[in-house]
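Below you'll find the structures, each written out as structure tokens.
Both complexes below contain chain A, partnered by chain B and then by chain C.
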Partner chain A sequence: SPSWSGLNTNRKMRADGDDSLYPIAVLIDELRNEDVQLRLNSIKKLSTIALALGVERTRTELLPFLTDTIYDEDEVLLALAEQLGNFTMLVGGPEYVHCLLPPLESLATVEETVVRDKAVESLRKISQEHSPVDLEVHFEPLVKRLASGDWFTSRTSACGLFSVCYPRVSSTVKAEIRQHFRTLCSDDTPMVRRAAASKLGEFAKVLELDYVKSDIISLFTALASDEQDSVRLLAVEACVSIATLLPQEDLETLVMPTLRQAAEDKSWRVRYMVADKFSELQKAVGPEITKNDLVPAFQNLLKDCEAEVRAAAANKVKEFCENLPEDNREQIIMTHILPCVKELVSDTNQHVKSALASVIMGLSTILGKDNTIEHLLPLFLAQLKDECPEVRLNIISNLDCVNEVIGIRQLSQSLLPAIVELAEDAKWRVRLAIIEYMPLLAGQLGVEFFDEKLNTLCMAWLIDHVYAIREAATCNLMKLVEKFGADWAQNTIVPKVLGMANDPNYLHRMTTLFCINALSDVCGRDITTKQMLPVVLKMSEDQVANVRFNVAKSLQKIGPVLEKITLQNQVKPVLDKLATDKDMDVKYFAHEALSGECLPYEYS
Partner chain B sequence: MVSDIISTVEFNYSGELLATGDKGGRVVIFQHEQESKNRPHLRGEYNVYSTFQSHEPEFDYLKSLEIEEKINKIRWLQQQNAAHFLLSTNDKTIKLWKISERDKRAEGYNLKDEDGRLRDPFRITSLRVPVLMPMDLMVEASPRRIFANAHTYHINSISVNSDHETYLSADDLRINLWHLEITDRSFNIVDIKPANMEELTEVITAAECHPHQCNVFVYSSSKGTIRLCDMRAGALCDRHSKFFEEPEDPSSRSFFSEIISSISDVKFSHSGRYMMTRDYLSVKVWDLNMENRPVETYQVHEYLRSKLCSLYENDCIFDKFECCWNGSDSAIMTGSYNNFFRMFDRNTRRDITLEASRESSKPRATLKPRKVSTGGKRKKDEISVDSLDFNKKILHTAWHPKDNVIAVAATNNLYIFQDKIN
Partner chain C sequence: MAAKDGSKMSAAAIAAEKVDGFTRKSVRKAQQRQRRSLSSSQGSSQFRTHGAVPVDLSLSPLPQLMPECVNQQELFTQKLQQCCVLFDFFDSVTDLKSKEVKRATLNELVDYVSTNRGVLVEAAYPDITNMIITNIFRTLPPSDNPDFDPEEDEPTLEASWPHMQLVYEFLLRFLENPDFQPSIAKRYIDQRFVLQLLELFDTEDPRERDFLKTILHRIYGKFLGLRAFIRKQINNIFLRFIYESEHFNGVAELLEILGSIINGFALPLKAEHKQFLMKVLLPLHTAKALVLFHAQLAYCIVQFLEKDPTLTEPVIRGLLKFWPKTCSQKEVMFLGEMEEILDVIEPTQFKKIQEPLFKQISKCVTNPHFQVAERALYLWNNEYILSLIEENIDKILPLMFGSLYRISKEHWNPTIVALVYNVLKTLMEMNGSLFDDLTASYKNDRQRCGTPSRLNNPYPHTLSS
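This part shows the complex of A and B:
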């Protein structure tokens, strides 16, 4: 294998040593190399080492050594934690899988979260390979040790292991596991309570329903009113899983008080979490509770005093409306949601407006043509005129939703000024973003509207002073030609592009070449040969070397589109000449083109 | 040497370790040795445990500014496994360090002999797996994270939050909130920079998180006020929820009033009920439930009030004295000039001046209280205000979180004193 570093593969192997051992010996030695990269390589080939050592030595020598390597760099430990999750066969199969527990246990206590998480992931994986007996004899004691460890790192790791062993152990052990989980939910360290809160939903799923009602609900209630908001906000996530598990009739008494409290929490971060998980919550509690409880809660979140919360809620407007029970969806939206949405359109915070703009168009499919024209259209138009470019962009990028319902013409009068303004925005990233929507807009507005109103913009971008814009503009032309066809290209854009070949600014002349590179393929052989090629060839005499070597590159690029005879008679002489250019780069690219991969035989 | 001047002192949560930072960018960690049976009257000494270079001098090429390596602050993280972690910061960059022990070493190579000679690689007939052998204890300090490029002005404070996952860093005009595991972004939670810098009237001088409530932090200003913010209220904490300010006494108003009222340090009590602020002449204890005046005020060196003019001329008036609580919040300590430091007992209202110097503090000797004569006539053992040495200032002190052990940094010397056990 080429990645056996340090191994001189050219050396002749002598017959008296066991040459198959040498690469393994190198790998083992490099487990302790000073270079992290080499150690990492060795760890990644741990299975090769283990295979060579055999199951017995892997268990008695390699694993004890690995158990104590927790001093190493995070990336090495991460790789090790991952490897050990796939090691069962290498230690002798499921019968011996418990030998992997000690190294993973020590990895589960390191301070680096990614490493710990990976160790827990591997432990979860190999837990399934334990027999029920081994699970109780080896795995469960490990979970207990971690759960009662001195340091919170080990206790946080324990939280992720309860749910994998619970279903497979005896009822006595089950009771112990529940007790351990309870203890961790009220740990002194917020880190541990957070880990427990984030695993609460997962643990609830494997518990018997009675215990969900008795144990989990009380833990959930306690975590949801924890003194630290960083814990409370995680209970919101658990709320989704727990609500899914409970029968509808219990939700009102067991879950809703806590959820209502979370939606009105003093801490904006908790309310943010409710807003962020709103669609999941909505699905979990079902249509009745949604109507009675979630609709007012959602209204409040849309009117929240904290902009972050409003933005998160605004992001969910479409999904929430979509998932409302169909029978009175329209009525709920029109009377409860839309008034809030109207206010958000003129929110003071641009992130809120921009979040809304990214989903608001989706409401038109839900509300239908008449409502869209009467109620939504004024909002779209207002957002198209928003002072913040991101808001306008988000509206433009979602035009397709409206197009399906009312057609884009309704918008075109306001659309155009918005596009023009974005196209000329002082920030080049804004200009770049609008260019990227041009092909989409062109498709929806049709060729006539495009030629009349937008073509000039597309050509103007070609001479933008920012390279990234010019580059995007050439790419845009290619996509437009894909949409409108070669005939359109020949009449509208090709003449303009070729005209730039005579521009006094060499950057613009180069743009001609870049456009030709992009367009030759979509325009086809005829246009390329008759219109573009002569221009390219003529430019080979340009006084700027950058233009000349780009001619060489262009010739290489458009070569495959041209006929063999054209290549031979027109292109090759020019490239030959460029190959003797006084400029070194021109020579280089001319040679490249002559020996280019796309024309291996035409020139030979 | 100037680079040896200690610039910060901090005990860890258990008090077992004590870290100092200096002007040369070094961090020295001292460890408490176990009590010895032969000397039961001593709690055990602090010996050097680890020394490492935390920050190096840098140059900001964009702004043509030199960035000093001086360690402005050190804060320990709550212990999470056998290793210890601390944050150290200079003016611009905060670093997270791991201090860990190693007492085993792997032995046995395949391609080398015990003495390091290469073996003939083609005579390998069996594989050896390295074996771990005990070795002398080695302490390693390794940089784990670097939190950079978030402060335009000089960082004056860092403070770890009680949620154990975030911390804040404050400079003259802004406070940022970081996640301990994320280095590429932080949230700006306070920004007092006016649109026009000519309208600047106050700067942030210190900031600290509440010891228990993860949503509460305070910051002090050069105008002598303290703002308490609640992060639950909003993502930006430009609006404070409490504002602590003592109305100025118009009779004592002078040219220096504003300068000497500037707060140089703010510290929550361990209980979380009080906070203490240090200004140039006094230490004040505030009850978080009372914003209009401090509940206790202690004069640190009131005799300097008549000397403000000369202290202004030699820049001493801008010295930033820190202050600290003892483990049970019953006493406080802060520094002064002439290697003097002051301790105040909050219950008895008694105070004491002690001196940290080579002459007066011989190992295992008891410190004698010092007195500065303020009246006309100087008594025996008193020192007159005029003979105080203003170059010997004690700016940084720390109190063990549980025991009566204190660490006092006097320029480039660190003194550790402990209560006598009878």
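This part shows the complex of A and C:
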């Protein structure tokens, strides 16, 4: 276990007669404890230790000790790497911040990725606290050492540090940094090339434009044709930042050849990445290139042989169309994009269809009423009848977009069978999902349509055999009442809910109670007192204990809605009786209700 | 089509759901399997290469190859070129005739290179390698099943296997042909070739990985110039697996090849090899899917230790560092590996690590999971380990005594209790007086701390015994 030769804490502190440091001595001892948890606790209180030691002893004794403990468990190292990022004031401010570099340098070379990443994060943070001089004297040499380290871990860490020091150093040092970055981009370990490729965009942003053109572009081109697809796909990400930095007239020669190649890469992972970043790419290259190059590329991605790629592209359909130049947006969509979209509606892969279903409704706002009715509506209807429930759900959950353009009535004929089928799906998660859209649908379809077609469904869910569905159905009723008002509730749902109180199945009787819990507030005092309360009180004589203790809970729940006099005259006697029930749980909840925090004085 | 059947979904599944609202994992898995077998339990991105222009795929049979006749070389080349045409195996009705022609031709080619001498003339090498590259090198398709569990799920099989198998067979025969000349072949079987071959090890199809394993082994044996490169690339694959992706299907196969490579390392071991052991093989133990390649990994470790016993201490310390904290299944594997290492350990090395090692074993013995405790106690069945313990009984007994004694009173599993009694008996016979001292001081400590309360006892129901 780690030893601390420099600082013999316990003895020294006691000899100084400084008792206030004793708790610190304990913490320091814990840093050396065999138990990882204790070491971890102690590391997390490192700032307390440093504060007590003072800035000088922190610099001369604590930090060297920590630098030596670097071979500890990864968990401890992670905590240490994080702490050191916030240590500047504890070592004496920016003037001394470079003292933190040695331990962080070691942490940036360990094997475990999370530790290394955290060390790099902290190094990036404290780099900002270095003066320009210190940055060149202390920080930049550290980056160089890491960049030329033997093992790949230090070189990958170096990749994340170039961009933070580049803007603040002299031009000679800048040249060195560019050279180091170039070297790492052609490192023979793919891990390092991946790290470099993932920082390429970030590094390009801090470079002078001339160097972007001369240095970055060649690195970008090389990484984008790397032998490993895991490197090539990261170059696609960098492409977005690089294209943003370059003037429009340079894009065609410097970026587009590589981007075209990536969009047709033989590895589906690279094509997937292009599809996934398509909106960003589109914004970065501007409207002209989009029209000439990206439209055909996007068509190809929508027709890709791998479902993964098609799904990623399908996800971008709406965004892509939205961002097309307005002057001929409609024409491009109608002649180039829509035919591909039509094919995707009957794709063989359900993920592709479901990705499309989650965005396709958005096209209606872009294309307007007539096009939507003529071209999109048939697609919506086809997807509403899709064999895969997720596709249907995605359509239903986005109804609001289409409602704004053509009104939901156009769809309602097809909507209903789709909803009914989802409502009765064998998978309870599907049923749960459709319940969650009910309030939204109710709002858009209006109360009449709802009463006529959907009310029965909502009531049927209350007796579903899965608890989660019954619970969601209860909550759904509450939201419906919020939408349609208490009068509607009184006429349509309250009688049905209360009717279930006489059901032979105790689970259904309990559902009545759960509904009352949810509804009393939105229905108001009148309905609660006159209609619901009598039912609840009567149920206190139920032969099933579960029902009886839920009566107690319900009474507590609806208490705030009731008048004081009602509580005194009707509720309290029942609770008093339940408090002497033979079942201990019933007794417990009755007492809970009687001493309930919300109304202790009303009851007692 | 697939989901129609999905909605028909075995009645049992629906019934199961009616009862408790949850479908059992096994039922779900079975459904998924069924659904996949209907759509495609086979994958291949071979024939759907992006932007491929449809070409005329019809093949007509060429005359039979006969090694004694003239112009055979030309015919051989023609046949190799014919086999560069790729077919879509997802479509089971098209090109049936041509597919059959290619299958027969491949069969004939396999036969031709495995039974005849003098057929591998220098001019044939480019055509041969070109045919192989065209057929087997491809980007592997995305997995059908994103949470593929190699222990439970059926792998996705390569759809074009009827042809691909023969191409692999051909490659193997080509490498094994007595006339095969690495000095010529190295122009084609180069670093790029090896790199692509290694990427294929990620295939889900175990049949393909098996071929790849044998082939890579042959290449490693025949191309001295590629050896360091192959080792380095395997290193990279493992490091990516450990630190980046956690996913690679061919780890076991690559380790198996490495096992025999390590066997052939010259002594003293190069720094590169030691680094591989410490920085790649040991961290591989942290993988979630360890169970899939643990046997091969442990074999590699033991090979290293047999080569160079001075590595024992760092290796055991490394294993102790990565000792599983929560996964009992992995802990059992670690204990198994530890026994394999102890089987070959030198007594001087044993002395160096006995203390940390037996601290860990002492913890394992008290593990409430009886398989972990049992596996740890089984170490006492090993004669050699027993002799090492006896030699160092004064150091080991104090480390083990507390745990064993407590467990003999408190473990919930009667088998464990019985095993512990045997172990205690063995230890007592090794040094009776030390045993008595420890018993006395243990009881003293106990009394001082008072009898253990019910709360402190992890196995309350054994309290009455």
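Going forward, the second predicted complex is superposed on the first by the 571 of 604 C-alpha atoms of A that agree within 3 Å, B and C clash if a C-alpha of one lies under 4 Å from a C-alpha of the other, contacts with A are read in each partner's own complex, and residues count from 1 in each chain.
Definition applied: a residue touches a chain if its C-beta (ideal position, glycine included) is under 8 Å from a C-beta of that chain, and two chains touch if they have at least 3 such contacts.
Every value quoted in this text rests on a predicted model; they were computed, and no experiment measured them.
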On chain A, do chain B and chain C fit together or clash when superposed? clash
Of chain B and chain C, which one touches more of chain A's residues? B
Touched partner set for A:266, first chain B, second chain C, both or neither: both
Which partner does A:29 contact after superposing on A: first (chain B), second (chain C), both, neither? first
Which of chain B and chain C A:249 touches, first, second, both or neither: neither
Is A:52 contacted by the first partner chain B, the second partner chain C, both or neither? first
Pick one for A:210: touches chain B only (first), chain C only (second), both, or neither. neither
Thinking of the overlay built on chain A, is A:68 touched by chain B (first), by chain C (second), by both, or by neither? first
Taking the superposition as given, does A:109 touch the first partner, chain B, the second, chain C, both, or neither? first
Examine A:229 and indicate which partner it touches, taking first as chain B and second as chain C; both and neither are also allowed. both
Contact-wise, after the overlay, does A:191 reach chain B, chain C, both or neither (first, second, both, neither)? both
Overlapping contact positions on chain A, where the chain C interface meets the chain B interface: 111, 113, 151-152, 189-191, 194, 227, 229-230, 265-269, 305-308
Chain A residues touching chain B in their complex are 13-14, 16-19, 21-22, 24-26, 28-29, 31-32, 52-53, 57, 61-62, 64-65, 68, 71, 109-111, 113, 151-154, 189-191, 194, 227-230, 265-269, 305-308
Contacting residues of chain B [partner chain A, same complex]: 78-83, 85, 98, 100, 102, 104, 106, 109-112, 120-132, 162-165, 181, 212-215, 231-235
If you look only at chain C, which of its residues touch chain A in the complex? 3-4, 6-7, 9, 14, 17-18, 21, 39, 45, 48-51, 139, 141-142, 192, 195, 232, 236, 239-240, 243-244, 279, 283, 321
Once bound in the complex, which stretches of chain A touch chain C? 73, 111-113, 151-152, 188-191, 194, 227, 229-230, 264-269, 271, 300, 304-308, 348, 350, 387-388, 426-428, 465-468
